[in-house]
Structure formats: structure tokens, C-alpha cells
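Paired with chain B in one complex and with chain C in the other, chain A is shared by the two complexes that follow.
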Partner chain A sequence: MAAGRLSRTAAVAMNTYRESVRERVLYNLLFFALLMTLSGLLLRDLSIRQDDRILKDLGLAAIDLFGTVIAIFIGVGLVNKEIDRRSLYPLLAKPLRRSEFVVGKFAGLSLTLLVNVAAMTAGLYFTLAVTRHPLDLHIAKAVACLYLGLLLTVALALFFSAVTSAGLAVVCTISLVLAGRFADVVRNMPEVAPSVPRALARAVYFALPNFANFDLKDRVVHADPISPAYLAWMAVYAVAYGGLLLTGAAAVFARRDLK
Partner chain B sequence: MTDPAVELRGLRKAYLVGHLRRRPHAVLHDLDLTVERGEVFGYLGPNGSGKTTTMKILAGLLRADAGTVSVLGRPLGDPAWRHRVGFLPEHPYFYDYLTPREYLDYAGRLFGIPSAERKARSDQLLEQVGLARYGGVAMRRFSKGMLQRLGLAQAMINLPELVFLDEPMSGLDPIGRRMVRDVIAGLKERGATVFFSTHILSDAESLCDRVALLREGRLVKTGRLDEILSAGDHHLEVLVAGIGAPVAESLPGAVGARAIGERWRVELPRGVPLGPVAHAVEAAGGRVLAVQPVRQSLEDYFVSQVDPSREGRKWPLAD
Partner chain C sequence: MRALPLLVAAALAVLVPRAQDELDRLRAQDARERAVLYVRSGDRLRRLAPGFRSLLADLYWLRTVQYYGAQIAYSKEKKFELLQPLVTITTRLDPRFELAYRYGATFLAEPPPRGAGQPEAAVALLERGARALPDSWRVRQDLGFSHFFYLDDAATASRVLLDASRIPGAPYWLVTLAAELLRRGGERETSRLLWQQIYEQADEAPIKENARMHVLQIEAADTADAIGRAVEEFARQRGRRPASLPELKASGWPDLPLYDPGATPFEYDPATGQVAVSRRSPVWAPGYARRPERSPIRPAPSAAPVTASPQPTAHGR
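Our next item is the complex of A and B:
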């Protein structure tokens, strides 16, 4: 029974991955990400003795930016597009549960992102190698953390994809991703705006997905250590928050009428 | 005793319509229906009668508001029966980046069919629906009819005991329609039950063991075709030669006469004695060439039952 569920979920995931890798837009994004990383080669000539910092900063920013764009814009279409095009209809009449479909879609896009992030990371390491800089292991740790944040972004996009229309899903996902990146601002709001109740600011701070904590660019650039415990904690946070979003998406989608 | 293939009891469904003030619009009203195993069952009705809504409830795409549904003896919520059922939705759409072979493989994986068997069945089904030459072509290049054919193939990947086909002839050319008829006949031959909706009444007439006629979400009639049609009006057609229009139109009991070249086809209601008609024809110098009873066609019956102009009814909003 469990093997059947796993097999069906894997089938949906592989199909989602196949769809992504056959999208031309994905290759365009990957091309621009690599271009952005390689552009560090030009920019380093403008700086004095800090060229490796620029390369690392630019490379990680490219991975973050293009990964987030892929996660949001493919993520919000994962369920909605299937409903709009009715490609879902013959599938749901088969022994495929709606929850398996939701999880399979999430896994498929996560795999796509993994491949893309790996390619972009390889591009960054290649650039560092070409410019005779040491291959900093902290970059890999920061990328792993970024990837966990991207998984959470996919879960968020998928949640909105399952509960609302595509347009609204884009707006909601982008809004929450931006709010989550500036979660600290929300927490410190009462200090600059005393009329905001401290309890409310704290509640909103904890409710928001804290994307700022997944961004370790500064630590890499300034050679600050990244402990395995921190990465483990971020993994627990991503799994817990993402799990809640996926459970919510599956629960809402299970009750949705497909007219 | 074997459970029926499909059993609907008191099935109800309403959609919410309107933008500002949402109000329910009933599409199915206490629908009771039984489809026996091994039969080809035609689900007929005009646009908006509730056929597709019924199909979608059976496929698990819509939730019924009330009533019970059992499929192959299992309640609708039990996923076990889905392994034994195939479904072709109306106007199917498949992933245009996949080839038919890849799609059938995907569909087979959802049923847990082993890899080698998936490949063998895919090849056989593509051959059966006339897509063997296009097995490796991305579906973005496919016509509507080709997608319909693939839809039929994916509905059979699991060798189903029961197949739901929503408008299977839609978008097909005459060759495609013949293929669908052959497929349905083949399914029946191997003991499968086919539950299909259609507008094309000649296909229903030639394929179905039983039909149900739906109008505005209510069953008008269910039964064997011969029973339904024998209950309708019969008439006689008398083929006559050697007479003119005044005689043909005034033959005793005639309710209609049509010229076909030099001949006349005269329509008589059932029960009208033929003797006086024959005498009148001979008296006018003509002769009776043939007399044949004419059974009401399914189309006649369909139109007589569902034509909204007959009762001035308003059509419902959803199918």
C-alpha cells in the first residue's frame, strides 16, 4: 500500500520534473544566472583585492534570485495549470490520491530546483577556479541553506496554487516571500512605530516564513563560520513549515470541485 | 448475485452561480440509475442535462451534494475500484510536451503496472487507436481527434472492467468514430462494462444494450432500446406508383405523402386498414409497390422527449 503511494507520487514527481526540463524558459533563466555569475570576472577588475568576495556575493545572489523566480513562477502553476488545462482529469480518475498529486508536484519541482541550483553552484565554483581562488566549502553550505529556503518557497507557491487562482497565487506568494525576507523589520516595528503592539509584531514575525534566515551570503563573504547545527535547525524549520503548507494544500485541494 | 457496475441513488448536485449573490443552481435532481455488468450503457441528453456532471462525480472530480454512489460494488470513496476502471473525460487534454508513449507509460505507472507490461500495452493500444505511427511525436502537434484517440487508449491501459467515456465520439472524423465503435464493441466482447455519454444518437442506437435519457438533471427514461422505441408511435409507409399528388394526399387515413421521383411515399398511422388504401390506389390507376412498418428512431424519441421548445423550458446552465 505504502509502496503504491510512493510509486504514484514518484510518477507525478518525475512527470513534473520532465515538464520543467522541457520548458525553454528554464534554460533562459539558467543561462542568465550563469551569465550573472561569470560577470563577476569583469567586476573583479574594478575592485582592489576583494575580487573573490564579489564573485561569491554575485554567484550566491544569482542562485538565490533565479532559484526564487523558478520556485515562484513554476510553483504557482503546479496545480492551477493542471486544472485550467484539464490535464488533471484523467489522472484523478486513476488510483491517484489528491494528496499524492500535491506531494508529487512538490517533489518534482524540488528536483528541478536541485538540478538548477547544482548547475549554478558548479558555475560559481568554476568561476572561482578559473580566477585561481580557493574553493570555499562555505559556499556549498550557504547554497544548501538557500536550497532549503527555495523548498519552502515552492511549498508556499504550491499552497496558493491549490487554494486560489494563478494570478492571486503569484501575488500572495511574492508578498509573503518579500515579507519573509524582511521579517526582522516586522519584529522591530514597535521600536520605530510605538503604536504597533509588541505582541502583534511578535505574532506576525513568528507566523511569517522567515526567509532571511536562509540567506547566508554575508557570512560566506565575510568568512564567518556556518555551523552544521545551524543548517540542521534550518532544515527542521523548512520541513516543519513546508510540511504544514503541503498538508494545508492537500486538505483544501481534496475538497475542491473540479468543474 | 453480482453487484451492478454502477449504482446511483438519490444523487444531487448543485453549482453556485452568480457573482455578487451566489445562489445554488441544481444540476442533478435525485438521480437513480443502475448500470449492470457487461452492458454497453448509453447516457443521453441534450447540452446542460447533467451528463458530464454525473461523469465527473463518478470520476471523483466533483463531490455530490447528496445521494449514494457505488462502483463495482464499492462506495465512491473507496479507492480500490479505481484500479479496475478507465475514464475518458470530455475534450481531453494531455501534456503537450509528452509523446503518447510517454503519457501511456505515466498512466500505467499510476496503476502500478510493471514496466515491461506498460510498454507492451502501450504499443498494443496505440495500434488499436490508430496512433502507432505517432507514438514518439510530442502531443503539441496533435489534432483534437488524435488527442481523443489517445484519451481512449489511456482509459484502457489497466484493462478495465468498467469504462466511463464522456462524449467519446467528440472531434472524431468518420474513421475515428468507427474506431471508437470497434473499441466499445471489443470492450463488451471481453466482458467489460461501458458507460458512455453521447449526442450522436445513431452511435448509441447501434452500440447500446440500454440507454438512459436525461433532461435537466432528471431521468426521463431508462431501458432497453427496443423497449423504449416500441413504446413510441409506429406508422406504416406505403410506396405507391402511378398516381398523382391529389390522390396520394387524399388516400384514406394518410397523414402525409412525399414524392420520390415518380413514386409516392404515403404515411399511415398504425391501425389504419390497408384494404381501402389499396382499392383507392388501384381505382386511380396506380399500384402499391411496398408496405413497411417504420419504427420510431432514437433521434425521433430523443427530440420528442427533450426538445425544450415543446414545453418552453429554460435550459440549465451547466452540463
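Our next item is the complex of A and C:
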């Protein structure tokens, strides 16, 4: 029973992966990510003994930025596109639960992102190697954290994809991703605007997906230590928040009238 | 069976804030305050951003403010090492950015932990600002104040304020102030007058808050002096110094405050009879603590802080 469920979910995931890899936009984004990393070679002349740091900064920023763009724009189309193309109906006619479909879609795009992020990381390491800089293993740690953040972005995009139209889903996802990156501002709001109730600011702070949790780029570039406890809690946060979004997406999609 | 997703969702919803709390705690614990400034030449940046210089100046100014704020709020070391280059870049990108000169100079000049403790750099910045903005009496006023407050140079301060007073639109009191500085240069009372003036005149919250803080510091220093005089009087009457300030208060000085305007107890050394504002106090400042010998101290009953409530909120705000 469980094995069957798993294999059906895996089939949806692989299908999603194959489909998203066929999307030309992925190659374009990958191309730009690599281009951005390589442009670090030119930028280094503008700095004073900071070229390896710029390369790492730029490379990690590119991975973050392009990964987020991929997660949002492919993620919001995961459910809606299937409905628009009417390719969802034959799928649901098969013994496939809607929740399995949602989880499979999530897993498929996660796999696509994994491949992309891995390729971009390889590009960054390649650039460092070519410019004769040490291959800093901490970069991989930062990338792993970024990847967790990207998974949360996918879950967010998928949730909105299941809830509303593609256009609105893009707007909602981008808004929440941006708001989530400035979550600390919300937390500190009562300090600068005392009229904002502390409880409200705290509630909004916890409700927002806090993407700042996954941003360890600066700390990794400066070789600051990151405690294992932090990494563990980050993973807990990603699983909890992502799980909540996927549960919500599955629940909403299960009740959605597709006629 | 239908209840299962709900239960899972509820469990996850509880876990999210718990994990976030832990992450916040660990992040605060692990915080390493490092920042980096790649391009340190404002002129080079000007050439790199044709048509976008003002925008870039705005961005650098935002970064300056964020950097200063982050150092104040989160940094343990409070080194402010990037402050000067950031302000310099901002003002090189937009030489008429008046606010950047004025705020930047305040950030630079204030002694640690509230600023970079670089008064010379602050004065140099304001001098550059005065050249770039020949019509700005405010930049010159700040330059004069900086000479007085941070470099202890009343004569130059007075001259600069007189220069500022000649600019069309300058307030009349700049001349009076210039004369007063020249007459009583370096006195605590004059400092109070100037900071009070800045407090009343400032529109921007950080400048106003900084001025308010200085007024409170002066009040605290005055109160410490008043308590010191009471200790001397006690010793004269009884042939010994009081063992503690509460003893002094209970022995005929009921109005004597034991807390400064920052709600921190004054420090008292029974061996020497010295009373001082505690270094732990938010209103402690080295400058005012050094000046009492030069300052004519007012009699205790009329000293404003003597009746001040120990709560910091009772002051100014």
C-alpha cells in the first residue's frame, strides 16, 4: 500500500522533473547564473584584495537569485498548468490521489532545483579553481542552506498554485518571498513604531516564511562558524513550514472543483 | 482519517514558531559582526555609475545608516570601521547631500559606544560639506558645534558660527552663540545651552535623540557634583564621610537623588568622597565627567536633576 503510494508519487516527480528540464527557461537561467559567476572575474579588478570574496559573494547570490526565480516561476505553474492543458484529468482518472499528485509535483521540482543548484555550485567552484583560489568547502554548506530555502519557496509557490490562478500565485509568492526576506524588520517594528502592538508584530513575524534563516552567505564567505544546532533547527523549520504548506496545498487541491 | 492532516498541520504549526525562536537565539549567539566594503573610492564609483550617481549615493547612504544602526544595535565590538569610507563615498557620489554630512559627522564624532570616536574625521567631513554647500548655514553650525564639543576648540567654533550667521537665512542666535562660546569657552553650562538649542531646533529624530542624550548626560554630571558637595558638607559637619549615599540621603538631604536620569545608581567612593555617574549608565559620558573643575556648579537645591525621578522616561521624551 505504502510502496504503491510511493511509486505513484515518484512517477509524478520524475515526470515533473523531465518536463521542467525541457523548459527552455531553465537553461537560460542556468546560463545567466554561470555568466554572473564568471563576471566576478572582471569585477575583481575593482576591489582591493577582495577578489575571492567577490567571487563567492557573487556566485552564492546568483545561486540564490536564480534558484528563487526558478522555484517561483516553475512552482506556480505546477498545478495550474496541468489544469489549463487538461493533462490533469487523465492523470486523476488513474489510481492517483490528489495529495500524491501535489507531493509528487513538489518532489519533481525539488529534484530539478537540486540539479540546477549543483550545476551552479560546480560552476562557482570551477571559477575559483581557474582563478587559483582555494576551494572553500564552506560554500557547499551555504548552498545546502540556500537549497532548503528554495524548497520552502517551491512549497509556497505550489500552495498558491493549488489555491488560485497562476497570475495571482506569482504575485502572492513573490510578495511572501520578499516579505520573508525582511521578516526581521517586522520583528523589530515595535522598536521603531511603538504604536504597532508587540503581539501583532510577533504573530506576523512567525506567520511569514523567514527566508533570512537560510541566508548564511555572508557568514560562510567570512568563514564564521555555524553551529550544528543552528543547521538542525533550520532543517526543522524548513520541514515544519514546508510540511504545513504542502498539507494545506493537498487539502485545498483535494477539495478543488476541476470541472 | 480526515483528522490526520489536521493533526499534522497543527503539530507543524506549533513547531514553526518554536524553531524560529531557536534560530533567532542561535543567530544572536553566533553573530559575527563583519562587513566589507569592496570599492572604497567614491570618485571611482561616480565614474562607474553615470546617470545614476544620486541613486547610488542614496543606496550608499542607506547602507551607511544600516551599518551604523546595526553596529549600535547588534555589534558587541562597535568598531564602526566602515563608517568613514561609507560616508565619504556617499558624499563623493553626491557632494550636495547635506544630510549625509550632518548625520555622518554626528555618527563619526560621537565617542564609542554611540559613535566611531573620530572627531577629526567628522570635522574634515563637515569642512568638505561647507565647501560643497556654500549656502548651508546648518552644515557650518554643525562644524562649529563639532569644534566646540569634540575638539574643545571654542575659538574656532565661535569663528565658524560667526561665518554661518552671515549666510542668508541663518538664525539670529548664531551670533549670540558665537559670542557666548568665545566668552565662556568650554564650560558645561555652555554645552547645555548648545545641546538644548540643537534639541529644540532638530527635526530629525536621531539628531534630536542625540541632543537629548547629551542634555541628560550634563544633568547627570551636575547631579553627581551636587551629591559630591553634599558629601563634603556631611564630612564637615560630622568629621567623617558617609559610608554610603543612602546614609547621606537619610542624614538631612532627603531630596538627594540616588539614581541618574538613566535610572542607574551613582557611584560613590567613601574613601575619597568622589561621586560619579556609573560607566554602566546610559547617560555616562567621559567628556562631561572631566569638566567639573572648569565648571561653576550651581547650588544643589536649584540643580534640575536633584528632583528628577530615577525613571529615564521622566526625562525629555
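For the reader, a short list of remarks on this structure follows.
Rule of thumb we're sticking to: the second predicted complex is superposed on the first by the 259 of 259 C-alpha atoms of A that agree within 3 Å, B and C clash if a C-alpha of one lies under 4 Å from a C-alpha of the other, contacts with A are read in each partner's own complex, and residues count from 1 in each chain.
Criterion: a contact is a pair of C-beta atoms (placed from the backbone, for glycine too) under 8 Å apart; a residue touches a chain by one contact, two chains touch by 3 or more.
For clarity, every value in this text was computed on a predicted model and none was experimentally measured.
Superposition of the two structures on chain A shows chain C fitting alongside chain B with no clash.
When the shared chain is aligned, chain C comes close enough to touch A:213, but chain B does not.
When the two complexes are overlaid on their common chain A, residue A:198 makes contact with neither chain B nor chain C. Of the two partner chains, chain B is the only one touched by A:255; chain C is not.
Residue contacts after overlaying the shared chain place A:89 against chain B, while chain C stays out of touching range. In the superposition on chain A, A:18 contacts chain B only, with no contact to chain C. The gap separating chain B from chain C at its narrowest, counted between C-alpha atoms of the superposed chains, is 13 angstrom. Counting contacts by the rule stated earlier, no residue of chain A appears in both its interface with chain B and its interface with chain C. Taken together, the chain C residues at the contact with chain A in this complex read 5, 8-9, 12-13, 15-17, 19-20, 22-23, 26-27, 29-30, 32, 34, 36, 38-40, 44, 48. In the complex of the two chains, the chain A residues touching chain C come out as 46-48, 50, 53-54, 205-206, 210, 213, 218-219, 222, 224-227, 229-230, 233-234, 236-237, 240-241, 243-244, 247-248, 250-251. Chain B makes touch with chain A in their complex at residues 15, 56, 59-63, 79, 82-83, 85-89, 91-95, 97-98, 102, 106-107, 109-112, 151, 154-155, 158, 164, 318. Of all residues in chain A, those touching chain B in their complex are 4, 7-8, 11, 15, 18-19, 22-23, 85-87, 89-97, 255, 257-259.
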